[in-house]
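Paired with chain B in one complex and with chain C in the other, chain A is shared by the two complexes that follow.
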Partner chain A sequence: MLALLFILFAALAVGCALAMVAQRNPLYSAISLVGVFVSLACLYVMLAAPFIAAVQVIVYAGAIMVLVVFVIMLLNVEHEERRPPRLKFLVPMAVVLAAVLIGEVTFILVTVRDFAAPVSNVGLTHSIGSALFTQYLLPFEITSILLLMAMVGAMTLARRGGMLTANARVVPGTQQLPLSIVDPGAKPYDLRVVETDTTDEAARLLGVEGLRDQSKRD
Partner chain B sequence: MDTTIDIILKFVAITVVFVVVLLVVAYTVLAERRILGFIQGRLGPNRVGPGGLLQPFADLLKFILKEDIVPDKSTRFVYFLAPVIATMSALMTMIVYPFGPDTRIPFTSITIPLVVTRFDVALLYVLGITSVGVYGIMLAGWSSNNKYSLMGGLRSSAQMISYELALGLSLIGVILLTGTLDLTQIVDRQSAWYGARWLILLQPLGFIIYMIAAIAETNRVPFDLPEAETELVAGFHTEYSAMKFALFFLAEYINMFTVAMLATTLFLGGWNFPFIESIFGRGTFLFGLVSAIIFLAKVCLILFLYIWLRGTLPRFRFDQLMNFGWKILLPLALLNIFLTATLIVLFPNL
Partner chain C sequence: MAPQLSWYLALSAVLFTIGVTGVIIKRNIIAMFMCIELMLNAVNLTFVAFASFFQDVTGQLFVFIVMTVAAAEAAVGLGIIIAIFRNRETLDVDDASILKL
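So, the complex of A and B:
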């Protein structure tokens, strides 16, 4: 029974992975990748690691891939055009790496004779929690600081340029703007003014051309 | 041979649960139409059967008999896949909810738990399956090749990602208090105080955040932007007809039902009710029956709240929705975790 289920999910995972690489349409690739994640989660359940399986589905299938599909839909990327390959040295590299991978798998299949899985509870919630907060506390904390840094970095990048409040409008005519609005690098209390001659120039300096077009319409 | 019997028993349990849930869901649709009618000063459907009680079956027959139209320029495979994903992910969480305590079957000595299956990470399983459900709506919006559908799909994915965070964080308080992810154990912890130690008493803020986020997760009024009919025709399911539309309809109501069941299990004490254990005695058949009825009654109460909200509130604007989710609900959920953790440190035997 277990072997049958393993073959089913393993075949599903490999099939989805192949489909992901072979598809021309990026959305199909994304869906196939979701299929890979879900079948991997099923395999984790069979390896007595339900916590990892659940987290795999929540994080990868439920959050990251939803964002990927969201972006693909938002940009409406249709079929990828077939271009001449630019990085030609990658082809022999891929062949070599594939050979290494196949060699490893063959080595494991030949050497490992004891197929009976050891009974373990490493995948249960309780054991993962206690291991994370005792033995692996330092790596855990370092990882969380890394994630915090990534979050702060993402926010800094997203804030750049759009320094205007939502109800600010670019008024036609000569503009006088505090330097801190025009140049995000300037100190906030730097009140030197920057003069612009036209509305377009002001909008360009502020990085809000799109906003201006919108305000024209209403 | 034991495993074969086990598998057969599981199949029977799953069938019973699905039939009960689908029946309740069918009558939720009817209840919604009747209650909305009452709120809006009209009658609602009352012609088919006594008081309109056969209306769900008439609706089902109509859905089956309608012509199934597939748009010419749609992406066929994904177009067919989307309603399947929506319905399947909605139904899959059904198996972990405890409907009642361990119960002896009358005239035998066999005791069965009133839950299909229980495992270590049931709560995470529910969250994971729910988060996969959004693909149904997104892919439906994309594959229909319709601007309104695409807008609906985009809105729905943005909304679900945003509110899933608040939803997940609002449950952390419950996990901190019970110390487990197993739904059966969470319900058992709420049996103290003669069956009145419901976690809503200890987690009022968490309950409110969960309910708001759950309404947004199920795309219900006032968060029904993915199908806002005044701006998007019908949103992601504009191009769906007949039984495929019915599947989306079904998925929405099953999702309502499952979030109501989760709220009952985590915050409203599950099948617990003050003093019923001392009246009927633990393990008897009557106790199991009354507990299951109490569980379903609590779920129906939350469903009524949903319908009431739909009859009362207008729809959010999209920027309001995003601001509310990220700037109010998420910080509140974090505050709830902080408060709960502090309280547990100060009063360890809470």
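So, the complex of A and C:
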């Protein structure tokens, strides 16, 4: 029974992965990849790892794939254009490497000593949490720093430079903002330097009166 | 007959190979990105299989951290993809072969 389930989900995963690679439309590839993720989550449940299965569905099939589909639709790519393949010498090399990999898989299937899976409770949320917050606390904290760096990096990359609206506030710090932020009538990119902490103070130092009324309206 | 450890390892190897093939043959940068995600998942399957068969929670914690890294990679990678598209109006990696904008 378990073997039948394994074969079902493994076939689903491999089929969806092949469909993903064969597909030319990136959106269909993304949907196939969601199929791979869900069938892998089913395999995790079979391996007595329900927490990892839940995280797999939530993080991969939920968050990451939503992000990917969002970018696909944002950039509006319909399909890849067909082009004659370059680097034709890679095709026989790919065949040879695939043969090597099939040999490796056969080696694994033949030589790895099979033993019955013991009834395992290491995948429960309780055991994962206790290990994560005692023995593996340092990797956990490093991971949180990594996430912070990724967040800042993604915002920096995706931001358009120099596109500040007229009602943006002057941020304390060392950046130089165009004068048109405090004075809507100023020429764009007039970079007279003043050091202030607030927009109102900048307006006062630059002798601009129009903004104070505007900020009161806000 | 219950599924054996070697079955999971073989499945993981097959999935990883499909991912490598996709990275090599795809030209669309988003498709390559998704193939990398597939490779990460294949490795995760190996980790979970070993953790379950050896009764050790360490493998599952590895999977947890790999997923976090994958999420960070998705955020930064998609930001890079958007920046490339904004500069070059294309998603073809052959057109983005030099770093100069």
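We take it that the second predicted complex is superposed on the first by the 138 of 218 C-alpha atoms of A that agree within 3 Å, B and C clash if a C-alpha of one lies under 4 Å from a C-alpha of the other, contacts with A are read in each partner's own complex, and residues count from 1 in each chain.
Keep this in mind: contacts are C-beta pairs under 8 Å (C-beta built on N, C-alpha and C of every residue); 3 or more make two chains touch, one makes a residue touch a chain.
A quick note: this is a predicted structure, and the numbers were derived from the prediction, not measured.
Engineer: Please indicate which partner A:Ala19 is in contact with in the superposed arrangement: first for chain B, second for chain C, both, or neither.
Structural biologist: neither
Engineer: If we overlay the two complexes on their shared chain A, which of chain B and chain C does A:Val122 touch? Say first, second, both or neither.
Structural biologist: Only chain C is touched by A:Val122; chain B is not.
Engineer: Scan A:Leu40 for contacts with chain B and chain C and give back first, second, both or neither.
Structural biologist: The second partner, chain C, only.
Engineer: Going by the contact rule set out at the top, does A:Pro50 touch chain B (first), chain C (second), both, or neither?
Structural biologist: first
Engineer: In the superposed arrangement, does A:Ala61 touch chain B (first), chain C (second), both or neither?
Structural biologist: In the superposition, A:Ala61 contacts chain B only.
Engineer: Who contacts more of chain A, chain B or chain C?
Structural biologist: Counting residues of chain A touched by each partner, the higher count goes to C.
Engineer: Which parts of chain A are in contact with chain B and also with chain C?
Structural biologist: After superposing on chain A, chain A residues 51, 55, 63, 67, 74 contact both chain B and chain C.
Engineer: Spell out the residues on chain A that touch chain B in their complex, using ranges where they run on.
Structural biologist: 1, 27-28, 31, 34, 38, 41, 50-51, 53-55, 57-58, 61-63, 66-67, 69-70, 73-74, 76, 124-125
Engineer: Any idea which chain A residues touch chain C in the complex?
Structural biologist: Checking each residue of chain A against chain C gives 2-3, 6, 10, 13-14, 17-18, 20-21, 26, 29-30, 33, 36-37, 40, 43-44, 46-49, 51-52, 55-56, 59-60, 63-64, 67-68, 71-72, 74-75, 77, 80, 83, 90, 94, 98, 101, 104-105, 108-109, 112, 114-118, 120, 122-123, 127-128, 131-132, 136, 139, 143, 146-147, 149-151, 153-158.
Engineer: Quick check on the complex: what are the chain B residues that touch chain A?
Structural biologist: My answer: residues 3, 78, 119-121, 124-125, 127-132, 134-135, 138-139, 141-142, 150, 153-154, 157-158, 160-161, 164, 181.
Engineer: Across the complex, what residues on chain C touch chain A?
Structural biologist: 1-11, 13-15, 17-19, 21-22, 24-28, 30-31, 33-35, 37-38, 41, 44-45, 48-49, 51-53, 55-58, 60-61, 63-65, 67-76, 78-83, 85, 91-92
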